[in-house]
Every structure is written in C-alpha cells, then in structure tokens.
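Structure provided below as structure tokens; questions to follow.
Should a chain be cited, it is by its letter among A, B and C, assigned in written order, with residues numbered from 1 in that chain.
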Amino acid sequence: MAKRIEASGVTAYYGAFKAIDSVSMTIEPKSVTALIGPSGCGKSTFLRSINRMHEVLPGARVEGRLTVDHQDIYERDVDVTAVRRMIGMVFQRPNPFPTMSIFDNVVAGLRLNGVRGKAALEEAAEKALRGANLWNEVKDRLKKPGGGLSGGQQQRLCIARTIAVEPQIVLMDEPCSALDPISTLAIEDLISQLKDKYTIVIVTHNMQQAARVSDRTAFFSIEKTGDPGRLVEYDDTQKIFTNPAERKTEDYITGRFG
Amino acid sequence: MMVSLTARRLPRFAPLAIGAGAVAVAAGLSFGLGLGGPVMTGILAALLFVAALFGTAWRVEGSRAARNRVASALIYGAFVLAVIPLVSVMFTVVDKGWARLDGTFFGTSMNNISAFDAHGGAYHAIIGTLEQVGIAVLITVPLGILGAVYIVEYGRGKLASWIRFFVDVMTGIPSIVAGLFILAFWVMVVSPMFSADGAPTLSGFAASLALSVLMLPTVVRSTEEMLRLVPNELREGSYALGIPKWKTITKIVLPTAGPGIVTGVMLAIARAAGETAPVMLVAGVNSAIAFNPFESQSSLSYYVFDQATDSSKYAEPRAWAGALTLVAIVLTLTVVAKLLARRSKLSR
Amino acid sequence: MTSSTTTKPAAGAMLPRRRRFGAETIFRWLTTGAGTAVLVIIVAIATFLIAEAVPALRDNKENFFTYKEWFTGPADRKFGIAALAFGTVLSATIALLLAVPVALGIALFLSHYAPRRISTTLGFLIDLLAAVPSIVFGLWGRDYLVDPVKDLSAWLNEYMGWLPLFGGDGPFGKSVLLGSIVLAIMVLPIITSLSREVFMQTPKANEEAALALGATKWEMIRTSVLPYGRPGIIAAVLLGLGRALGETIALAMTLGTTFVISFNLVETGGNSIAANIANKFGEADDFGRGALIASGLVLFTITLIVNMTARAIVYRRREFR
C-alpha cells in the first residue's frame, strides 16, 4: 500500500539560509519520481524534508505543508519516528552499522522497533534481502560483518534494511553516486522492481539514470549561489527529456547549464 | 654566472668524527683539569660537538646548511637527553623492586609489623586500591558516558559549550585539590551524618569520591571524542528506520564507539590508581587488611609513600616493591588500553 | 488537489502522537543531568573549600597573603601563603624552562625526523611514561637523582656562584633544582605527546610549499610546522604548567621544605603549596586543616586560571579551522 505525497509551499532553511523556496508537487503512489538539478539546487533538502530528516541538522527547519495520504507529517505532536518508519531512506554513501553482522543489519530496524522472535526475524530478513536482490550473494554469510561486503552490496544491504521495516515510501539520495557502473545497474534494476510495492523518490545527478528509472521527473534549479532552490518543472520523464516546457530545463538537460 | 645544482657537502663520517673528537677533548678537560666527572664530560662533549659541527658545516656547506645540521643535532640530542632519566627510572624500579616481590609481599599486610621486622606486605594496600578504583569506576563510567552523550548528541547552545569548556578545565584540577574538596565536603560535612558518634570518618569510599572527581573529566572527554568519530550516516541510517533518538544512541552509536570508550576508561583508571595525594588526605591510615570501603583503608600508591618515608631499614625495599607493582599495574592497563584503541574500527 | 483534506485528518488515518514523557524525554533529561554534574562539581569545589577555609582564615594572626611561615599548632596560629606560592611558581617555572625545549625537540624528532615505524613505537613509549605515577618519580628522584644533582649544584656554585641563582654556601641536596628536574622529567612526556600530535597535523601542502621553495628541513619546520603548531604548543605548555603547579608527592619528597622567598636554586630549600599540604596534613588539627584547605583554595584558583587560559587558546584556534 504505497502512498501519495503532496507538498504545498514547502520551504526549508539551514539557520538563516533558505535552501528551497515554496516547493509544491504531488508524487503518485507506486511510481518512481526523480529529482534532478544542479548542485545546491535543494533537491536533497526537499527529499530529506519528506521524512523529516532535514531537521536532524542543527538549526534546520521546514515550513509549508507536506502530507502523506492527506496526513500532515509536520503537524505538531506527530511522532517523528513513526513518520520515518513509514518513509524509509537510502543514503548517498552505503552506511551499514559497522558493529553488526549482515543479518543484524537487515533486522536492526525491526529489532529496535520491538520485533522479537528468531523465526519472525529470519523470515523478514530473507524477504528483505530477496527484495533487495542480495539474498543469493549473502545467504551463506549472514553472520559476517556488513562492512565486509562490496560497496554495491553494502548499498543493497542498506536497501534491504530500509524495506525490512515495510515502509510505504522509499527515498533515495543519490544511491549510486559512490558505486561502480555494474553495481549501479543492479540498483537500478532493483528500483524498477520496488516500484510495484513502494512509492519511490530518487535524487540523482545522473540524467541517464533519471531517464532510465523514473516515471516522472522534477527539475530543481537556483538563480545563483546563495539563492534558494526552486522547482522549475515537473512532468512525465518522457516529456521532460524530449520536450520540456521550460527553457531552463532544456538547457540543463542538453548540457548547456549546470 | 652558472647556477650549480651540486653543493659542497661534508663527508658522511664527518659528524661521527666530530663527535668522537668532542668526547675526547671533553674527557681530557674534565678529568685532566679536574673540572668534573662523567656528567661534566657529557655536557662538555655535547657543547663542543654542536659548536664544532656548526663551524665545519659553515665553512664547507654554508650558513643555511650549518643551521640545518645544528637543528638536527639538537633535535636528536633532545631525544637522547630525555631517554636517559626515563630509562633510569624504569631500570631502578625493576632492579630495586625485585628484591621484596615475594609471596609475603602479596599475602600479608603491615599489621603489627615493627621497625625491626623484615617481612610485611602490601596485601591490604592492593585491596584498598582495587576497591577504591572499582567504586570510582562505578560512579564515573555511567555519569561520564551520559555526560558525553549530552555534549555530543543533545547539547545545544550556551549550556553545552560551558559544560564542554569546564570538562576540559576540570581535567587540570590537581589531585590534592580533589582530595581537599572531598575532605571539606564528604569527610567533614556529610560523613558525620552517618557515623554513630557524629565524628568525621575517613574511609576508602571518600578516596573513591576524590578519584571520581579526577576520573570524570577524562571519561567524558574520551567518550566525547569517540562519539564524534561515529559517522553521522549511521545516526541518519537509524533515524530513517524510524528508530527514536535515544535508542539510536544506546543501540547504535554507543556500541560503535564502545572500544574507544573502554580505552578512555582504562586510561582514567590507570591515572587514578597511581594517585597518592587524595588517598593520603581522606582514606585514613590503616596498616591492617580492611575489606569494608567505609572504613579507613590504605592504597598501593600511599603504601609506597608511607614506606619510603619510614626510617626502618626494611621499609625501603617494601617501598620499591610497591612501586614496581604499581608501575606494572598502571602500565599493563595503559598498554592494553592503547592496543584496544588501535583495533577500534573508528579512526581519525 | 488537496481540497478534500482538512487540518485534522480522518481519525482512522491519524499518525501516532508524540508522547510527552516518553523514554526519549527521560533519556534526554538524564544526559543533561550528567552533563550539568561537571558544572555542579566545579562550583561545589569552590564552595566547600571556601566554607572550610574561612574559619581558619578568620583566626589567623598574620596576613595570609604576605606572611611566609606556616604555624598552625594550638599555641601559635599564624600562617601565610607567600613563600609557598612563590615556591610553587618558581619550581614549576624552572621545570618548564628545562622541559619545554627538550619536549619540543623530541616532538619534532618523532613527527619529522625519526622513520615512521620507529616514531610510532617511540610515541607509544612516551605515552606510557606519561602514565607512570608521580610517587615513582618522587622516590627515584629522592634516592637516585639526588647525588648527581648535588654534584651539579656544587659545580654550578663553584663556577657560576656569582649568579644569585647558584650562590650560597650549601649544603646542597634537596633543593629547588632537584625538585624542578624531577618535575621536568614528569611533564616532559605530557608536553611531548600533545605537541607531537599538533606537529603531525601540519598540512602536507604547507610543508611541500616550503620545500618547493628550496628550504632546508629546518627552514621548512620554521616556516610551516612551528607557526602552524604555535597555539597547540602554547596550550601544551600551559597544560604542563598546570600539572607542575599541582604536583604533590614528587615535590614533597624532593624539596627541602623551607619557608623563605629566595631565588637560590642549589641550596637546600624550596617548597610548594601542594607539597606543604602533604607534609603538614598528618599533624594538623581542625584549625590546621582549615589553613591547609585555604592554601588549597589558592592552588585551585591558580590552576583554574592557567587551565582556562590554555583552553581558551585551544578553542580560539579551533574556530580558524
């Protein structure tokens, strides 16, 4: 049961600095939405606003309305941890917990959220690892440290860890930027499979990747350094890459800017 | 004018030859003219060596190279100079401590040992050290780790930066001041409330409190450093799973920093075990075996001081044996702690 | 598009609410309490030392700050910090004059001269020596260093006796010189290990820039390593100073315990606040303890100022990074 995300007037700050200004967009369930744009345009900030990770940084805050299936996640008194359980996140650099084995990494979220019982955990771990296309590679060494895997495997381990808690939305912040081309391909395959079950939002610097994996694409940009990022254009990926409505989008996609 | 890329250099054996010459001349002057003994020879030889090296290098290689050579000589010299006393300390401790390091030393106390008795031991003192340091660990480890968690994970604004600053300042509080503080606070104000006759009580526990004052900043500081080394991606990875902050800290961040924290605690223990002054002020003096930390106790470091200032001819070997035991305990702790730190997954 | 939503979503779809007094809140208060404990302890130290010192100071028949001797017996209640504070500062200063150049030399040796593998091992050994308890240094200084220092004192007195520092007619033995040398040996590893760390952090780009200009190794150190490390060196020295000012047992065993203000380093003599506390504590009654606590308060204030200065320097430097 994937969910629809609706942002209206989302504005995010780092202290006094306004990072994104009044972003409004609707992200459809069971689809892949790519956020693209030049560095510093606020696409990662917007992504982190969706599961309230932005406010983890000191002095960071968000204004505006962000709803997930009509529930305002920024409403006072909302339990932040529940929001993040519902909206999982995969980071730029693979970040498995170094003191834990592969198995413990996958079930870390379940355990910390109170799931007990060996059988239940093992079942969940296998399901998540299969879901992340990693099961066949690690099934014989589940007790080994997660840090011993290759970068691509580590990133899929992090995806397994994320989907093990059964979120409804998965956010990915440049998940392939630290990986080699083959691992990147493996992750992209995985993303196309995951969209059957989850709403996926992915930030990427790689326009081919956006074109390959996403259904819809949002282009963010800034006027100049120090200005807040704005949503310039948001449409079907097909249209953005072949016939964008905005001149700026076209310039960026054809490499004249950014 | 053509620029030459090769410069005139002193032959490689030159410093060695100059050194040998300097020693010979210095020995001649010291012993021949009666200026002094071997120590004088060493000082004189060093001065002569530096002067002669500078002179020859100046003539052959020029002033910049000469300065470079002298700087190198002084830097190597500093190292040699420091090694002498430090090696002497370690050698003396082992050499003199060995004599009384026997079963009696580890098995008996100083109870009813008069100035004319050759035996007597440090069992009571070792018990005292173990108990006092143990209690201090029980007090400082939870307090120190929680304090560091506050500084790194929760602290914002003025309060946090004040705490950080004063943790650093507190590291420099002299141990005798910590002892006086516990004397003024625990022994003179609090302990009379617990004693039957309302009189102040000196006790091993009071020494533990004083040691805690000394250990706390060390534990906070080292834990803080370790927590800062835990990559932020781990915290974010955990938050993104919907795990609350306090669970992220206790289940993810602290275990990751674990080995480093243990190292810090062990270094703090090593320092506390070697402290004499606070124990001397507040533990009371007890030459008998006392397991109850709420009575007066001795400690190994105080035992060394006590025996060293005793006029009996049998006391000095006991002092050295105590010093050797103390050094062995402290250095073992330090070595293990440092090795543990090297194996830690976190690195700068 | 969101016209169907109201501010309050339908009851069934509500996200869980935050708990006001949940585990999170309790844990945060627990850590805040532990952090604040440090401030409480510092304030408590000052408070209790003052409270216990005031009665003794009130009954003191002499001026605490200018009187030199220390009598706290029932018959004669007069004591002053002058000679002790002077002795404390004198022995710590001499110790640093001896230790700092050597410590910086060793630090440079370890960071820029010795081969990498040797330097790691030696750095490790230096750290170990910083852990050797002061009682051991005191015992060694009193029993083994005393004779060489006696010879050195006699020699200095004979050839350089025209300097007040080395004047007098003896006897030589437990003197400021002996105490300072022991102190110097004790603070040496501390200053070395801190400044070594600073020297090793010198940006490689800075060093290479100097070398690329044709600097010799020493010139490279003077133009890049030392300027970069200056605040770190100052902080290391001040921390060593703090340690030297507060050292108790080693000085109680190597100083001559006199109550005079004199710059003479070689004659039997010298004293310090901390050593005096160790020496007089055993025979002190309630009044005597109060007097010693008063002297401890002075020591606490001096070391607090030294340490706060050191930290302020370190902190200011941190902002530049």
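What we mean here is this: a contact is a pair of C-beta atoms (placed from the backbone, for glycine too) under 8 Å apart; a residue touches a chain by one contact, two chains touch by 3 or more.
This one's a predicted model, so the numbers in the text were calculated from it and none came from an experiment.
Look at the CA centroids: the one farthest from the centroid of chain B belongs to A.
Per-pair tallies of C-beta contacts place B-C first. Between the Cα centres of chain B and chain C there is a gap of 12 Å. Between the Cα centres of chain A and chain C there is a gap of 51 Å. Chain A and chain B, compared by their mean Cα positions, are separated by 49 Å. Residue positions of chain C touching 2 or more other chains: there are none.
The residues of chain B that reach two or more other chains are 244, 247, listed in rising order.
Residues of chain A found to touch two or more other chains are 82-83.
If you check the complex, the residues on chain A that touch chain B are 51, 53, 56, 58, 81-86, 88-89, 91, 93, 95-99, 108-109, 112-113, 147, 158, 161-162, 165, 171. On the chain C side of its complex with chain B, the touching residues are 22-24, 27-28, 30-39, 41-42, 44-45, 48-49, 51-52, 101-106, 108-109, 113, 124, 127-129, 131-140, 142-145, 148, 151-152, 155, 185, 188-189, 192, 216-219, 221, 239, 242-243, 245-249, 253, 274, 277-278, 281, 289, 292-293, 296, 299-300, 303-304, 306-308, 310-311, 314-315. Of all residues in chain B, those touching chain A in their complex are 156, 231, 233-244, 247-248, 251-252, 255-256, 258, 345.
Chain C makes touch with chain A in their complex at residues 1-2, 4-5, 7, 9-10, 13-19. In the complex of the two chains, the chain A residues touching chain C come out as 6, 8, 26, 65, 67, 69-73, 75, 77-80, 82-83.
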